[in-house]
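Two complexes follow with chain A in common, the first pairing it with chain B and the second with chain C.
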Partner chain A sequence: MSAASAVTARIKNIDREKIVLGVAAPLLAIVTAVVITSLVMLATGQNPFQAFSVMIDFGTKSDSQVWIINKAIPYYLSAVAVAIGFRMNLFNIGVDGQYRVAAFFAAAVGGALALPGIVQIPVIILTAMLVGALWAGIAGYLKATRGVSEVITTIMLNFIGGSLIGYFLKEGRLAEREGNLIHTKDIPDSSYFFEIPTSVQPIYGTIVIAVAVGIGYWFLLSRTRFGYDLRAVGASESAAEASGVSVKRTVITTMLLSGAVAGLVGMPTLLNISGNYGNDFPTGIGFTGIAIALLGRNSAIGMAFAALLWGFLERTGNQLEFEGYAQEIVGVMQGVIVLSVVVAYELVRRWGIKRQQRFVGEQLAAQAQARKDAEVTA
Partner chain B sequence: MANHDIDITVRKGTVHALVGENGAGKSTLMKILYGMQKPDEGTITIDGEQVSFATPADAIARGIGMVHQHFMLADNLTVAENVVLGAEKLHGIGAGARARIKEISDAYGLGVRPDLLVEEIGVADRQRVEILKVLYRGARTLILDEPTAVLVPQEVDALFGNLRELTAEGLTVIFISHKLGEVLSVADDITVIRRGTTVASVEPAGVTPKQLAELMVGSELPTPETRESTVTDRPVLTVSGLRLSGTDSDGVRRDVLADVGFTIHAGEVLGIAGVEGNGQAELVEAIMGIRTADEGTVTLDGADITRHPTRRRREDGIGYIPEDRHRHGLLLEAPLWENRMLGHVTQRPNSKGPWLTARDARADTERIVREYDVRTPGIDVTARSLSGGNQQKLIFGREMSHAPKVLIAAHPTRGVDVGAQSQIWDQIRAARREGLAVLLISADLDELIGLSDSLRVMYRGRLVADADPATITPEELGTAMTGAATGHLAGDAATENPS
Partner chain C sequence: MRRASKLAASVAVTAALALTATACGESSTSSNNSGSDAKGDAGVGLAFDVGGRDDHSFNESAARGLDRAEEELGISFKEMTAKNDETEADREQRLTSLAENGYNPIIGVGYLYGSSIEKVAAQYPDITFGVVDSVVEGDNVYSMVFSEHEGSYLAGVAAALKTESGQVGFIGGVNNPLINKFEAGFVQGVLDTNENEGTDVSVDVQYLYEDNDAGFNDVAKARETADGMLGRGADIIYTAAGQSGQGSIETVAGVEGAWAIGVDSDAYEQPGLAEYKDSILTSVVKGVDVAVFDLIKSVQDGEPLSGPHSYNLEEGGVSLATSGGFIDDISEQIEAAKARIVSGEVTVQETP
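Entry: the complex of A and B
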C-alpha cells in the first residue's frame, strides 16, 4: 500500500518537475541576460542598478501598463503564428511578410467597402487571414511538393511581399496621398474595433482576438487529432510518417494555419489605430514574434508573458533614453535574452532528460527490490 | 539506481564477455567505463593504476575504445577519411595516416581498403572500419557493444577471427552480447549482470548456454520454438508481383524489390530471412504504404489496399512493429500515453471524431503497462527514459490493442533483453493461435526458425529461396542469405535446382 502511494507521489512529482523545468529555462535566460547587460552597462560606465530601478518604476506606471498590453497584442499574435510552425519543426520566418501583405489587402478591402461594422469587421479580418494563409501557403506548397526549405522561401516571400505592397501602395493604384504619407483609403469609422476604457488610455479591443487565438492554439494542439499529428511530425517526422500521418499534407495545413494567424498580426494596428495601411505601418513584428515564441517555449501562456516582457522592455527603453542612458541597451538586453534562451533551453532540456532517466532507474530498482522482499516473505 | 556493486576484472589479452538483459545495467556500465557517465561510487583500475574518466576523451587517452552498436561513420567519406576524422593530430591526414591505417589493418588481419567510400562497403566491413578507428586512436582495450547483431553467421566467424588476432597481440576485448552461443565460443571469461549488479563470473568451459541464460534472467529460459501448427487456409495478407525501384548511391535507378509475392494465412507466421539491406525494409514500407510500389498489389483480407494511405491500412488492421523503434515507433520526448496513441490516433480509445480523448487513452495506457509488463514508474515519463525492452513491450502492446488482422514485425526482439524477448515470443504465439497472421522479419536466425511456420530468404530485392523451419539449420539459412543457394532449401545440404 505504502509502495503504491509512494508511486503516486512520485508521479505527482513528475508533473511538478515539468512545471519546474518549464519555468527554469526562461528564468535562467532572463537572469543571465540581466547579468550580461549589467556587465555591458558597467563597461560603458553606467550604473546598471539605477537603470533597472528606472525601468521597474516607469514600467509599472498605469499608463505604461496599458501601453505594454497594447504593444503585446500584435507581438503575441505573431509569436503564435511562429509557434504553430515551430511545433512541427517548420521555421516560418515569413510571418513578417505575411502580416504586412495581409494587412495591406485587408486595409484595401476595408477602405473600398462601406458595410455595417458588424459585417465589415469580420470581412476585413477574414481577408487578412486568407491573404496571410495564401502567402504562407506558397512556402508550404513548395516545401511539400518540391522539398524547398521553408526558411529560404519565407525569407524570399518577405521581400516579394514588400515589393508587392510597394507596387500597389501608389496614388492611382490602391492608395492615396496625405501630406508625406501614402496610405490606403481609410476604413469607415464603423469598421473600427471597440476599445476597453481604463483610467488612462484605452486598451485595444483586439486583445480579445489575441486571447481567442491563444486559447484556440492551445486547444488545437493539445486536444485535437490534428494537433496530435502536427506535434508528432514535429517530434519525429519519421515516426509520424510510419504512424500514418501524411507529412506533406500536415506541412501545407500548418503553413496555412500559421499564415492565417500571421494575417491577424496587423489587425490591432489597422482596426484600433491607423484605419489604413500606409508607409508608416509597423514592420518587423514577424521577427519579434520569433524571439517571443522562443522565449515563451511555444506555450500559449508562456508566449503571453514573453510578449508582455517585450513590451515592457520597449516601453522602458524609451524612458531610459530620457534618463541619459543609451536606448540601445534595451536592444542589447533583448538580443542577449534570445541568445540566453536558446542556450538555457538546451541545458535545461538535457538536465531534465538526465534527471528523469535517473528517476526511472531508481524507481524500477525500488520496485524490483520490493518484489524481491515480497518473494522473501512469501 | 542503474548499477550497484558491480565488480569485474578483465585480464589483459583476453576476450571478456559481458552478458545480461537490457536494462540490467550493461549500457550504464559501458558508459562509465567509456567516460560518458560518472559513477557515484567505486573505482576503475587500469594496469594497477586507479583512473577516473570525465569524458570519452579521457578514456581514449587511457587506451579504451568503444565500437558502438550503431555505426558512427560518415557514408560519403572514404574509409581512410572516416578513420582519420577527429584524430587528425595523430598522423596527419596524408601519407602518414594512410601508412598507419595499412599497418594496423595488416597487423590484425582486418583487410580494410582505405579508398572505398563507406557507403559502398557492407555491414561487416563497416564494423571493421569502426574497430580500425578505435585502434588508430591507440586503444589497448576495446569495448564492442553487440557487435554481431547485424552480421550473418559467416561474418560472425570472421569477426571472431579478428578478435582472436587482437587478443593474440596483447589487446583486450570487452564483448557485450545477448547471443549466448557466440559468447561461449569467443569469450575467455564471462561476467553476467542482472538487475544492475554482477551476479556471476564464469568460464565458458564450465557452463552451458542454458545455464548462462538462466543466470541472466534468474529463472527458466525461453525458447522461440512453436510446436503445434495453427495455420489455417484463410489468406489474410497477399502480396503479389511487388516491384519497387529506387535510386542508389551512384544515381542509377534499380529495383530494390522485384517480383515479390507471398500469402500469409490466418494463424501463420511467415519469416523472412536475409542480410540487412536486401530489400526487407522496403518490403515493409511498401506493405505499410509508406512507400508506393511501382507494380504489384497488396491485398488485406480480400480487399485491395495497394492504393490506401498508411493511416487507412493501420485502421484496416495492420499492426506494425518497426525495425528502428526510435525512428519509426516512438516519440522519444513524449510521455508514454501519447506514444500509446501513435499510429492509432484516429481510433478509440485515443479519439472520438476530431477530438482526442486523453482520459481514455491514459487509462488504456495503464492497462497496457500492466498487461504487457512494461517496467515504468508511470505513464507520464518520456519514452526515452525506458529501456529498449520496455519500449518494445509498449509498442507491442499498443499494436496488439487494436485487434490487428496481420502484424508486420520487423526485428521485434532486437536489442531487447531475454525476459522481454520470451514475453514477446509468447505473445506472438498466443496471437497466432487466435488467428493473427504475422510477417516476421529478423536477423536472429534462431528466432526466425523457432517462430515461423514457413520461411523465405530475401536476396537483392527478391525472394530467392524458401525453407521449412522444421528441418532447416541456421548455417543453411546463412548460406542462402549470401545468395549462394536458391530454390527450396532441403533439410540436409545446400541445394540444387535454382529457380
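Entry: the complex of A and C
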C-alpha cells in the first residue's frame, strides 16, 4: 500500500512539475514580448499602455471574436501541416506553395463540376488534399531517394507552384476575367460550406475541418504506431533505422501527410468566402503556419491558441493603425512573441533540468543519510 | 493521470471556444456609432494599396489628389495602408472602420479593394465609396478605371524611337490582367513604330511575380531584374510595378546611356527620385489624383459621382510626361501616335 501511494505521490509531483513548467514558459514569453514591444513603442514615441488597452478593448468585441476565429482556421491548418514535418525534423517550408496549388486545382475542379453539394464538397476537398500531397510528395521522394534537402526542394517548389498557377490562371486556360481580377470559374452555390450563425457575423463551417484535423493530428502522433515511428525518426534517424523503422518510407509518408493537410489550408477561403481561386486569393499563409507551429510547440492545443493569438494580433493591429499607431508594430509584436517563446522554452527547459537534478540529488543524499543512520543504529 | 490532464485541457479549450463562439459582449460596430459620426462628416477615408503613400508611383498619385483636396477644399482625411499577404477580411475591416467612424467618401486604391468595397458599400448606403482600377456595382460607388494601355502605347513609341541598342525592356510587378494592359500597350507601341518608322526594336518582357502582390513593393527584386535586362542589351526599361519601380530606376540610372520610364506618377518630378532624374526618359502618368479629387469634390458639392468612369487618353486620364524635355525631339511622332489612338485609327490591345 505504501509503495502504491508513494508512486502516486511521485506521479502527482511530476505532474505538478510539468504543469508549472508548462505554464511558466508561455507566461515568460508573453511578459517578455509585452516588455520588448512596449520599449519599441516608447522608443518611437508612442504610448504603449494606450495601445494595449485599445487592443484588449477592441479585440474582445463580439465581432472581433468571430473575425479572429475565422481568420485562425486556415492558420491552424497550416500550422498542423508544418508541425507534422517538424515532429520528425523535416522542414516543410513549402506549405505555402502546396496550399495554393491545391486550392487552385480544387477550385478549377469545383468550378467545372455541378454535382449536388453533398458530393461535390468532398470531391473539392479530396482534390485539394491529393494535389497538396502530390506537390509535397515530390520533395519527400527526392529526400528519400536522393537525399536532397527538403528545405531547398520545398522552397523551389513554392516558386514552381506560383508559376504553374500563373500559367493556368489565364483567360482561355482555366480562368475567366472580371475587370482586373482573374479567377477560376465560380463553384456552384450548393458547394459552399455551411456557416454557424452568431449574434454578429457567422463563423465559417470549415472550423470543423480544423478541429477534425487537430484531433487527427494528436491521435496519429501520440496514439499510433506510425506516429511513434515518426517521432522516433525525428529523435534519431540512425536509432530508428536500427530498431527496424524504414526511414525512407516514413519520410515519404510524412511529406504526403503534411502536404494533404496543407491542401486543406485554402479550403476555408475557397468554400466559405471566395468560391474561386483568383489573383486575390490570400498568399503567405504557409509561412504564417511556420511561426504558429513554433509558437504552439507543435502541440494540437498549443497551435490552436497560437492561431487565435495570431488572429487577435491582426485584428487589433488593423485597429491600431486606425488609431494612428505605426502599422508595423503588430509585425514587431508577432516576431518578438515567436522569438520569446523559443527562448523562453529553452530557458525553462534548462531550469527544469536543473531543478530535477537538485531534486534527485537531495533524494539521493537523504537516502544515503538514512542508510548511514541505519548503519549507526545497527 | 496523464490522460485525465489531457482531457481536462481539451475540455477547457472547448469551453473557451464555445464561449467565444457565442460571441458574447457588445459588437465594436454598435459602440462607435455616436452622433456626428453617423452623419459621415469626419472627412475623407482613403485606403492605399501595398507600398503606401510614398511609393513614387500608383499610391502617390492618389495621395496627390488627396493633398490637393485638402488644400483647395479644406477637407480633413484619414489614410490607411494595405499590408502584404492580406485577406479579404483585413480589407473589409479597414473599410468598415472608416465607415463606422463617419468618413465620407471612402476610397479604396487598387483593384484588390473591388470585392470588399462592394460588400461594405452595400452595408452603408449613405456613404459614397470610390474604387480605383476596379468596376463595382452599387449606387453609392464610383469606379475609376484607366486606359493604361493607351498611355503605355505612347511610351512604347518613345522607347522604340529613343533606343540606341535596338532592345527595350518591360518589367511588370505581377503578371495579372491590370499589368498585362501596360505590357500590351507598350509592346504594341514598339511594334507599330517598327512598322511605321522602320525601326527594328525588340522588347524583353519580364514579371517580378506570377501571382503575389509582393511584386508591387519588392524593390530589391526589381533591381535584380533590371540589372539582368540591361546585361542582355536593353537600354530603355519601362517598369509598371508600383513601389518596386524605384529599384529598376536606380539600377538603370547607374548605367551610362540607359533610360528608365516611370509609371503612374511623373517620376521625373518625384522628390524621392530626384537623384536619378537625368535618367528618367518619361513617365506614363495615370490620373488617379484627378479621379480622386473629382470624387472628393463631388461629395463636397453634395452631388456624389457614381457608376463606372473610364479615364482614357482622349480626356487626359492617362498621358505621357514630358518633364525633363528628353522626348521633345520626338514629340511630333508621339503626337501623331496619340492622334491615331484618339481618332480610333489605332485600337490598343488590352491583353498581350
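In this section, the second predicted complex is superposed on the first by the 350 of 378 C-alpha atoms of A that agree within 3 Å, B and C clash if a C-alpha of one lies under 4 Å from a C-alpha of the other, contacts with A are read in each partner's own complex, and residues count from 1 in each chain.
Operating definition for what follows: a residue touches a chain if its C-beta (ideal position, glycine included) is under 8 Å from a C-beta of that chain, and two chains touch if they have at least 3 such contacts.
None of these values were measured; they are calculated from a predicted model.
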item: First (chain B), second (chain C), both or neither touched by A:44; value: neither
item: Touch count on chain A, higher of chain B and chain C; value: C
item: Chain B versus chain C as contact partner of A:245, first or second or both or neither; value: first
item: First, second, both or neither for A:145, with chain B first and chain C second; value: neither
item: Partner chain in contact with A:190 - chain B first, chain C second, else both or neither; value: neither
item: Touching partner for A:235 - first (chain B), second (chain C), both, neither; value: first
item: First, second, both or neither for A:364, with chain B first and chain C second; value: first
item: Contacts of A:162 with chain B and chain C, given as first, second, both or neither; value: second
item: Touching partner for A:356 - first (chain B), second (chain C), both, neither; value: first
item: On chain A, positions contacted by chain B and by chain C; value: 11, 15
item: Residues on chain B engaged by chain A in the complex (per definition of touch); value: 1-2, 4, 23, 195-196, 288, 290, 309-314, 320, 322, 327-334, 338, 341-346, 351, 354-356, 358, 375-378, 380-382, 384-386
item: Interfacial residue positions of chain A with respect to chain C in the complex; value: 11-12, 15, 19, 58, 60-71, 100, 162-163, 165-167, 169, 171, 177, 179-182, 196, 198-200, 203, 269, 273-274, 279-280, 282-285, 288, 301, 304-305, 314-315, 318-319, 321-322, 327
item: Touching residues (chain side chain A, partner chain B) in the complex; value: 7, 10-11, 14-15, 222-229, 231-232, 235-236, 238-246, 353, 356-365, 367-368
item: Chain C residues within the chain A interface of the complex; value: 1-2, 5, 9-10, 13, 17, 20-29, 31, 78, 80-81, 83-90, 93-94, 97-98, 101, 111-112, 114-115, 133-135, 145, 174-178, 209-214, 351
